[in-house]
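Following are the structures in question.
Consider the two complexes below, in which chain A is the common component and chain B and chain C are the respective partners.
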Partner chain A sequence: MEVMEQALEQTSSYRWHANGQSAFGEDLLSLYRKLDGLFLRLAGLYRAREYQFPTFISARELAKLDYFTSFPQIVTFPVCLDAGEDNLQAFSDGSPLDGDGQVRLTATAPVREVLTPAACYHLYIHLQGQRLDGPRHLTTRNTCFRRETHYLPLQRQWSFSMREIVCLGSAEEVKRFLESARERVARIFAQIKLPIDWKPATDPFFRPQRSAKYLVQRLDPVKTEMVFEDRLAIGSVNLHRNYFGEAFDIRRGDEAAFSGCVAFGLERWMFAFLSRFGPSAGDWPDLDTLRVL
Partner chain B sequence: MEVMEQALEQTSSYRWHANGQSAFGEDLLSLYRKLDGLFLRLAGLYRAREYQFPTFISARELAKLDYFTSFPQIVTFPVCLDAGEDNLQAFSDGSPLDGDGQVRLTATAPVREVLTPAACYHLYIHLQGQRLDGPRHLTTRNTCFRRETHYLPLQRQWSFSMREIVCLGSAEEVKRFLESARERVARIFAQIKLPIDWKPATDPFFRPQRSAKYLVQRLDPVKTEMVFEDRLAIGSVNLHRNYFGEAFDIRRGDEAAFSGCVAFGLERWMFAFLSRFGPSAGDWPDLDTLRVL
Partner chain C sequence: MSMEKRSEADVRESLRGWVCRTSGKLSPGQLRDDMPILENRLITSLQVMELILYLEQLRGAPVDVEKLRPGTFRDINAIYQSFFVSEN
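Moving on to the complex of A and B:
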């Protein structure tokens, strides 16, 4: 691992920000785009419609998922100063940062938004209240934000990119999609010789032992991760059952729609690539000519 | 204007979020990408190196620009809950939202970051402390965040996309770049017949009459906007003189480097396109074959 991090430091196209984020140039930006292009080609096999959503999600929508009680430790809120002129003046006059680089906030405006924690939430909100007359495939990529206790370059970041391919439909339609997508992803790993194991997993609930949802996930695993070299999950296949269908009143026939998604963490895929194939772009497998089938 | 907004509402590929942000699908996402592709081709004529930076900027870096005293009304901060288990439990137990959809924040963690207010700031921070042995051209696109008193679809958003092409170098090198880029952009407008006037402008300083920087901008205009139909600035050409060079200790020869940028607001370009050419993709000029020269 350390070797990889030293290599990263020597790459002029990478810079790690101590606040848990990465900057890319040249080769790494090209790798980022090629990986996303690969996932988009996979999405294309399902004729998934692509959407681009904003950075913020309405807190009221997210509350329908009990997000704030399940993951309070992760959430990042966008906060502005109260717009009153006296308040802005007080902020501006009062030396806005302390010696430690910490912002001395004065009164803040009401908070009604959250920085996107998972790309696919936007899609369920988008489809809210709809009746589907067949399975629906969609895809989106977004920057996602999750506060952690510590950060590691490409592996664990406050903000990172997530591409998701989602299916909504009947239980059968969603399960068929997830099986098919998992097989196709496995063929990608086999073609580029990336050492990946599939492992059941659970989401990082706050106080898991007290969370009914965590216990349900333990009893009947619905999340399977793509684990690189036994140490880093670079993606996952998730069956949500009718959880989002019920929360957002999306129906398939007479029932709340089922949903499932395949999620790819772009920076973590980059980490796996750099670890496995080295820091030189010339040594990486050619993703543009890789056949997704 | 209203006609355009009704057209937008009828476009399945657009959705306006009341929190001042837009979602795109299909045709509009394609237009977004084609426009950015056009700006990238322009950047390519200067062999500009492309970078992708994170969503957050260190408040300490931004303070070097007096940003907090100049624009306190605009800033959005990313804020997390204090990570103490009792605090998270209190948040989670206390019904996190009120009936109005407003988040009931408990204690928050120290704030040291800001949501990017302008794409190019990252580039100056990236080059901090460097000595340039020739003009340097760079480009980046980022989601930018500016709180406003009201929002309008595509025209005035809390978050929006900005592509910038930046030159750092001597005063002469930077001025030559800005003149050349402005001519090339003007040729793009002429080719696609987009009615644009160039107009001097100033940045939206807090209490402008009290801001020395605002007065300097008024006396010696350094910002020229691309104004669509006399009503919406969709981009700008900016000469920063040695402002960023001094703030971030970037030198060209024995002097603080000069810098200048050409900035494109992607959603506003989309607005101009939709207003001028209508909501149907078939009626839009073909950007992929447009020659940038």
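Moving on to the complex of A and C:
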């Protein structure tokens, strides 16, 4: 893997920021778009409706998912200065940055928003209160933010892109969707010969030993990851049961809707792709002509 | 110790009663012993912790959370098998 990181360092169209962010262009950007295009073609097979959502999510909505008690270590908040003129004056009169580049904040405005931690949350909030008369398929991509203790280029980033395909419906409808999507994704791996194992996993709960949600995920596994070369999860298939349906009052028939999603980490897919096929675009399989079926 | 006096039918009835009371989604009599509990989210994750405490009380012995495996809480049958059969 270090070989891959050295290769990235020598790629002029790529730049790694040590605070967990990547900048890239040219062939790498083209790869990013082709991968996302592949996932969109997959979403198209389910006639998934595509949505684009903002960067922020209301903290009040996320609290309905116990997000802040389950994942406090991950969450990132947008912060603004308190709008009072004296406060703004004090900020601009002082030296706004210290020698380490740390901003010397004066009073801050109340924080009511969170930077998107997972793309699909927006979809459940969007459908809040709805009654579904059939299964509903949706897809969205967003930049997601997850604070980590360490970062690695394309593999573990503070901000990264996630494409998700979601199904809401009855337990049976969601189960069928997840099984079929998993088979289709497996066929993609087989066609481009990307070595992937499917492995059961749990979400990264804070203090898992004390987390009831972690315990239940262990007792009733609902997450399966696509693991590249035994060490990097580049996507996952997740069954939420009726957790989001209950939290956001989305109903299918008389009951809280079930939901499930297939999630793709785009930068991680890029990493797996580059590790497998090398940094030169001429050696890459043609994703545009790949059949998704 | 107290569980030695309890019959299987009695334990199963207590378990069904607890799940129905806690869940509020089913009345006793609607819950069959082979009905999935976690899969249907009859009880929430926090209630699973309460269930573990209840099981400890019911069988008079602690539950080692580290040793719990997928399927342990699938339904009343599985709970009975896991916590009330293997005991001496």
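Keep this in mind: the second predicted complex is superposed on the first by the 293 of 293 C-alpha atoms of A that agree within 3 Å, B and C clash if a C-alpha of one lies under 4 Å from a C-alpha of the other, contacts with A are read in each partner's own complex, and residues count from 1 in each chain.
One rule holds for everything that comes next: a contact is a pair of C-beta atoms (placed from the backbone, for glycine too) under 8 Å apart; a residue touches a chain by one contact, two chains touch by 3 or more.
Small disclaimer: the values here were computed from a predicted structure and weren't measured.
Asker: Mind working out whether A:Ala83 is in touch with chain B, chain C, both or neither, as first, second, both or neither?
Answerer: It touches chain B, and chain C stays clear.
Asker: Going by the contact rule set out at the top, does A:Gln191 touch chain B (first), chain C (second), both, or neither?
Answerer: Neither: A:Gln191 stays clear of chain B and chain C.
Asker: On the A-aligned overlay, A:Ala212 touches which partner chain: chain B = first, chain C = second, or both, or neither?
Answerer: A:Ala212 sits against chain C, while chain B stays out of touch.
Asker: Could you let me know whether more residues of chain A are touched by chain B or by chain C?
Answerer: Looking at chain A, the partner in contact with more of its residues is B.
Asker: One more residue to check, A:Arg241. First (chain B), second (chain C), both or neither?
Answerer: A:Arg241 contacts chain C only, not chain B.
Asker: First (chain B), second (chain C), both or neither: which does A:Ser280 touch?
Answerer: After superposing on A, A:Ser280 lies clear of both chain B and chain C.
Asker: Can you check the complex and tell me which residues of chain B touch chain A?
Answerer: Touching chain A: residues 15, 17, 19, 21-26, 29, 32, 49-56, 58-60, 63, 68-69, 72-73, 75-81, 83, 85, 88-89, 91-92, 96-97, 101-103, 105, 109-115, 122, 126, 143, 145, 147, 149, 158-159, 206-207 of chain B.
Asker: Under the touch definition given earlier, write down the residues of chain C that touch chain A in their complex.
Answerer: That would be residues 38-41, 45-46, 48-49, 65, 68-74 of chain C.
Asker: Using the touch rule from the top, collect the residues of chain A that touch chain C in their complex.
Answerer: Per the stated touch rule, the residues are 171, 212-213, 215-216, 218-221, 241-243, 246.
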